[in-house]
Amino acid sequence: MKKAVFPGSFDPLTLGHTDIIDRALPLFDEIILAIGTNSSKKYMFSLEDRLHFLKETYKNESKVKVETYKGLTVDFCKSQNAGFILRGLRNGQDLEFEKSIGQTNYKMSGIDSIFLLSSSGKAHISSTVVRDVMHHGGNYEFMVPDVVRKK
Amino acid sequence: MKKAVFPGSFDPLTLGHTDIIDRALPLFDEIILAIGTNSSKKYMFSLEDRLHFLKETYKNESKVKVETYKGLTVDFCKSQNAGFILRGLRNGQDLEFEKSIGQTNYKMSGIDSIFLLSSSGKAHISSTVVRDVMHHGGNYEFMVPDVVRKK
Amino acid sequence: MKKAVFPGSFDPLTLGHTDIIDRALPLFDEIILAIGTNSSKKYMFSLEDRLHFLKETYKNESKVKVETYKGLTVDFCKSQNAGFILRGLRNGQDLEFEKSIGQTNYKMSGIDSIFLLSSSGKAHISSTVVRDVMHHGGNYEFMVPDVVRKK
Amino acid sequence: MKKAVFPGSFDPLTLGHTDIIDRALPLFDEIILAIGTNSSKKYMFSLEDRLHFLKETYKNESKVKVETYKGLTVDFCKSQNAGFILRGLRNGQDLEFEKSIGQTNYKMSGIDSIFLLSSSGKAHISSTVVRDVMHHGGNYEFMVPDVVRKK
Amino acid sequence: MKKAVFPGSFDPLTLGHTDIIDRALPLFDEIILAIGTNSSKKYMFSLEDRLHFLKETYKNESKVKVETYKGLTVDFCKSQNAGFILRGLRNGQDLEFEKSIGQTNYKMSGIDSIFLLSSSGKAHISSTVVRDVMHHGGNYEFMVPDVVRKK
Amino acid sequence: MKKAVFPGSFDPLTLGHTDIIDRALPLFDEIILAIGTNSSKKYMFSLEDRLHFLKETYKNESKVKVETYKGLTVDFCKSQNAGFILRGLRNGQDLEFEKSIGQTNYKMSGIDSIFLLSSSGKAHISSTVVRDVMHHGGNYEFMVPDVVRKK
């Protein structure tokens, strides 16, 4: 069974995230959307909201599971028998950050990272930009799935 | 009337900023230097000082106005009937950041961002570097206009 | 009168080019689409075809003129009383190339380059990719304007 | 059946290539190493040699097939019922190039590109560097598999 | 006497740091490993631990001295009669950051920065990644020298 | 004796080259400006002219020698007992190219590459841009040393 973990804060879930998840579905038998809980970080949305966004968006997709985890992503992958980490790439900056994390994860655990590039027209979307537009009362709706629009 | 908003913290105004403003003057009928007020951010200089730096430096330039604003930059542009946002670019990192913000602003409002690249010899100047040199009592004067040197 | 020269080979004209030209129209009184003729370079389309693509696409746009030129772009700008060079930017690679050319042009002539970033969904389009797809009989139509599709 | 095409010139096959192929094997049921034949390009090694390098290196790997093709990579993928294109990424430059090709391929055909980042210690290897060292009689052996060393 | 200052937080010392220091030893008569003390920054390891890591690792290397300093790095260089600042570069991001700092330091003091690129296989190592792995109880040992492993 | 080889085509010598050479002089006892002769490449200036540019510019600098060489740069370094290769870096693109070459050279020979970043105001200068301006009869003089201006 080919399982991948797609780790993130999903604060909130965006169409940038779903672009990667949806296109990766044919590649894996199961994709675990995993929210890493990090007590020292502040989030705009509660853990409950963020889990709801994921579960509601993929409620009809049997290949997708939603979990939370603590500690290292590679340790969580092992606990779930997941052989891969799924990641999206928007630009050269993302790549350098991901290369450092991905190569360290591979050396620590042998678990490899699989990348998809953002689709054309989606590379500008990030949770950071969405939160900023939300914070200032702007129109963020074209960047997030229905469930987040209704929030 | 071709109006552009040049948004920033200007903490402090540097010769990197004035390089872009001065070279953009022939392009627009009016350039609004706009300080976004953000209560959650800490600044080295007070809002009054930062406004003074801008007003004093451009006091003899009728095309330049100085304002403060809250909320989204595109909303402020609309309130000022400004059709463009003026931005400077120093390197590839700036570009990826600006691309995400600029494309989101354009999708939200149809207001486009116009870019000038830093002049040769100015690309290393940033408010962050100026503040660090100031904080440690170093010579920052070659990076800022007169009014900031006198501060 | 605010005039800009938009230099290129336009081999062929793409929706990446028209994205930049169309969004720059409100900024200038006149935009000169200028094909630099370079005997040592090989083109897929003849000069006549390339001129036709430009003229046909902008036949109803009074602000747009189409010219050819030899030699330095800044010399052509002076001959046309154009104060600006208009350029598009897709990514960090474009920026480093444009910075070297733009700063040299500015030092040589005082003529500045104005940049717009590709719209979201257009940054992947380049004449090089279009020619490659054309060469191999693929579907390039979603990347070029009507007049090139009919070719 | 999850099939991927790994297109390239393989002039010659390097440990950079095999790094990506070997790590992608657990992800797919079949990987087709496909040499695109391009009459206008000059190669250091003949097509026969390049095919031999691939076949010899993966002779004991049932998941790997070796083919040649003409025309568009996505058309070749369709002819082989391959749903994915497999690619390696070394740095930001590779990414911008691959983004333009990958997004165009996806828009043309719906066939997606899956990326792995070079392993730590392999990102400096490229056929271009290997050919240059070979051309000048230097030690290239640490960058290529056995079959190329014996050539 | 050719002296260089290698400034950093060394929180903790990694094999990325020692890669640069060891390869620079033949270039200088003395390399001063200098910890900048910055009261506003929070560190994982105490100043004593960080000094211990450096001193213990280079106790048998007469060319290496260990110091702490406050204020500007160029002022510390002058106080030590050091004509150079030694820095490592992993990727394009590091370069843009270092270019801004290095050019400002040179303009302020005439003290130049000398760069070595990370060795192949070391570019993914950073104190940030090491701290994250340590924080989550993972295996960081392959990224740090002995003295840090024993901590 | 600390010797470095500064390899290049110097077609022609520019102020970008001399910026790096002059700033590296305090670091080495001898710098060998080495023109790699490559029969398959076409040059604007003859080998004689290019050697003349170097010799004339550094005729009063006893630390600088001028040579030509064939084959691998590291082999030439060994023949000259030079322990280092000196290189300049303008931007992220240069870095990725240099990283691939530098890491391969180090693995082949143990000879390390030392880098200086272009000075502020010099990063836009390249032989390619100078040749283009020369070819079109433009003013290139602000980018090259006297001896090339007189050519």
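To keep things simple, chains are lettered A, B, C, D, E and F as they appear, and every chain counts its residues starting from 1.
Everything that follows uses one rule, which is that a residue touches a chain if its C-beta (ideal position, glycine included) is under 8 Å from a C-beta of that chain, and two chains touch if they have at least 3 such contacts.
From a predicted model like this one, the values you see are computed outputs, not experimental measurements.
Shared contacts of subunit A and subunit D, meaning chains that touch the two of them, come down to C, E. Take away subunit C in thought and the touching chains that remain still make one piece.
At the far end from subunit A, in terms of centres built from Cα atoms, lies F. Taking the CA centroid of subunit E as reference, the farthest chain centroid is that of C.
Computed centre separation for the pair subunit A/subunit B is 34 angstrom, with centres defined by C-alpha atoms. Averaging Cα coordinates per chain places subunit B and subunit D 46 Å apart.
Of all residues in subunit C, those that touch two or more other chains are 91-93, 96, 99, 103, 107, 120, 123-124. Here the chains touching each other pair up as A-B, A-C, A-D, A-E, B-C, B-E, B-F, C-D, C-F, D-E, D-F, E-F. Residues 70-72, 74-75, 92-93, 96, 99-101, 103-104, 107-108 of subunit E touch subunit B in their complex.
Only residues 91-92, 120-124 of subunit D touch subunit E when the two sit together in their complex.
Contact residues on subunit D toward subunit A in their complex (touch as defined above): 2, 23, 26-27, 83-84, 89, 91-93, 95-96, 98-99, 102-103, 106-107, 112-117, 119-120, 123. Residues of subunit A touching subunit B in their complex: 90-93, 123-126, 129, 133, 136-139, 142-143.
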